[in-house]
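See the structures that follow.
In the two complexes below, chain A is the common chain; its partner is chain B in one and chain C in the other.
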Partner chain A sequence: MSLYNRIIKKPWPYWVGGILLGIFNVILLTTTGQSWTITTGFLYFGAHILNIFGLQPSDWYYFRQNTWLLPGETFIRNYYTVLNLAVILGSLIAVLWASEFKWKKIKNKKQLFFGFLGGILMGYGTRLSFGCNIGAYFSAIPSFSLHGWVTAVFMLVGAWIGCKVLLKYIL
Partner chain B sequence: MAEVRIDCMYETCPIPLLKALKQLEKMNIGDILILETDHSCAVTNIIEWAKKQQYNVDYTELNEGEWEIYIEKVK
Partner chain C sequence: MSSSKIEELKKRRQKENKAKSSQIPYAAIFTVVAIVIYGVFLKINLKYSTFWIIGLLIGFTIQRSRFCFTASFRDPILVGNTSVLKAIIIAFIIMTIGFALVQYIFVGDSEIFDIYNIPGQIHPVGIHTAIGAIIFGIGMVISGGCASGTLMRIGEGFILQIVVLVGFIVGTLLGARQYEFWDKLFISKSPTVYIPQYIGLPIAMIGQIVILILLYFFVDWYDRKNNLMMM
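Our next item is the complex of A and B:
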């Protein structure tokens, strides 16, 4: 197999990806003082959109109680936006390099409906748990935070139930 | 020896794997399942799963970012 095929085209084994993610998360933490997190950025995207429509989410109880923004950062100009854009840019480079870029369509109304439903559940869940499988799990466990392990256990339970429901009722 | 084709285009994990699993249960020994997908992770996890079941499995990239996976139900 050529070097291009092995490194760029074929998916890497899970353990290679895992080790690299771990190393890069440590580098990120030492250089910026914050570990990797994704959904907090989505939260602020949403808050920014509400701002555009004239609402003031910064006065809401949730945002008054919890802030992950540094002084001077806004809902759209912050650390999390940079991270999320970097994830999208990185994936784009990888997929173009492997010649696998493709515009994806919505398959049918059912997919659209369950996509929205899943999105709402996931979004709501990440705000209760302060992160997704990156922020509340992948970055939490190496920080010696107990909540990372709790997330891990319930993520397994959730994935198991989710697969059963998918297989039995949705597919 | 039947040949069944399932369309998993635009669907993400774990749907292609679960669809394959469900379809293969209904098929007879010697039948071949052809699964179309445009999700690269599905190629990885379906092949890994099929090998674990000791099914004969192969795949090919038809277009950029579009694959067909062939699984023969051998037992």
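Our next item is the complex of A and C:
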């Protein structure tokens, strides 16, 4: 099998993905002092939109209490934006090299509803648990912070409840 | 075989052929764009150049390996399959060693840990962690993908995931808006527990690796016992 086929055409085994993601996260921490996180970037993007509409999210208690930005960064110009756009583009490049890109439409209203609702739930949850299953799990457990392990256990509980909903209403 | 079935097969074959039309020129264009942006970052902001290149590699990797963090929680429950979870445990073992080294260099020989500045994700733990994680867990299963999966699928062309992303942004804003309530109720009263604070970094590292290895074998055993896909 040619190298092109092996890297681009055939899906990689999960363990290859796991090893690479682990190594990338270590490189990120070593070179930038930051580990991989995502959702705080979503929040800052949202805050930027609110800013455009003339609301002042920077007055919110949350933003007065927490600054997750590097010195000099703004709601839109920050490392989360760089990282998140790069992940989307990296995925797009991978799909295109395999010639597998396709616009995939939303199947029905149910999918739309649960997608949007699930998004809101995830977003809300991340503000309580200090991150998603990347920031509060994938990057937190290797940081030796107890909240990573607690997140793992209760995310499993949440997933179990989600599966009940999935089987009853969605599938 | 009935003729309608043959027609159906023909149609499917046509579809497959259509999908196989080459997108490599676009791939080349986007790769060049990514590299040019990397070059610009190298000049204006070295740190951003690292975030950019690692982000690209992460996106490429999760797409190629169909890596889904949601599946690592959902599939063991739904179908008894733990193959993604096992890959994540391998990643955890690698990162436990890597993060420990980085933190060790930062902390040095000092006995007092400056837990608010140690590299990594170190945050208060308490009831809010459990509530947030449960809400997140429900959300990721019903929407069919978490944050990384959402980004990856947007790259793949899923329109649904753009909706999930909008919901995600709305959710983080709502959460931040009501943060004061949760902060006063739980978060401000909760401790930040950095495990090496109590047992030292070397023991924390070795202990965590042992736990992860044991977890790997347990999860492997669970898979062999429960996996519906294997039967």
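FYI, the second predicted complex is superposed on the first by the 169 of 171 C-alpha atoms of A that agree within 3 Å, B and C clash if a C-alpha of one lies under 4 Å from a C-alpha of the other, contacts with A are read in each partner's own complex, and residues count from 1 in each chain.
Keep in mind that, in the parts below, contacts are C-beta pairs under 8 Å (C-beta built on N, C-alpha and C of every residue); 3 or more make two chains touch, one makes a residue touch a chain.
Computed from a prediction, not measured in an experiment: that's the story for all the values here.
Touch criterion met: A:Trp60 reaches chain C, while chain B stays clear of it.
In the superposed three-chain model, the partner touching more residues of chain A is C, compared with the other of chain B and chain C.
Within the superposed three-chain model, A:Val95 lies in touch with chain B and with chain C [touch as defined at top]. Looking at the shared chain after the overlay, A:Gly125 reaches chain C, while chain B stays out of its contact range.
Of the two partner chains placed by superposition, only chain C is touched by A:His147; chain B is not. In the superposition on chain A, A:Lys105 makes contact with both chain B and chain C. Annotation: chain A residues 11, 95, 99-102, 104-107, 111, 163, 166 touch chain B in one complex and chain C in the other. If you check the complex, the residues on chain C that touch chain A are 19-24, 26-27, 30-31, 33-34, 41, 47-48, 50-67, 69-70, 73-74, 77-78, 83-84, 86-96, 98-100, 102-103, 118-125, 128-144, 146-148, 150-161, 163-180, 182-183, 187, 192-196, 201, 204-205, 208. The residues of chain A lying in touch with chain B in their complex are 11, 95, 98-102, 104-107, 111, 163, 166-167, 171. For chain A in complex with chain C, the touching residues are 7-8, 11-40, 42-43, 45-47, 49-50, 57, 60-63, 65, 70, 79, 82-97, 99-107, 111-112, 114-148, 150-163, 165-166, 170. Listed in rising order, the residues of chain B touching chain A in the complex are 9-11, 14-15, 18-19, 21-22, 38, 40-41, 43-44, 64-66.
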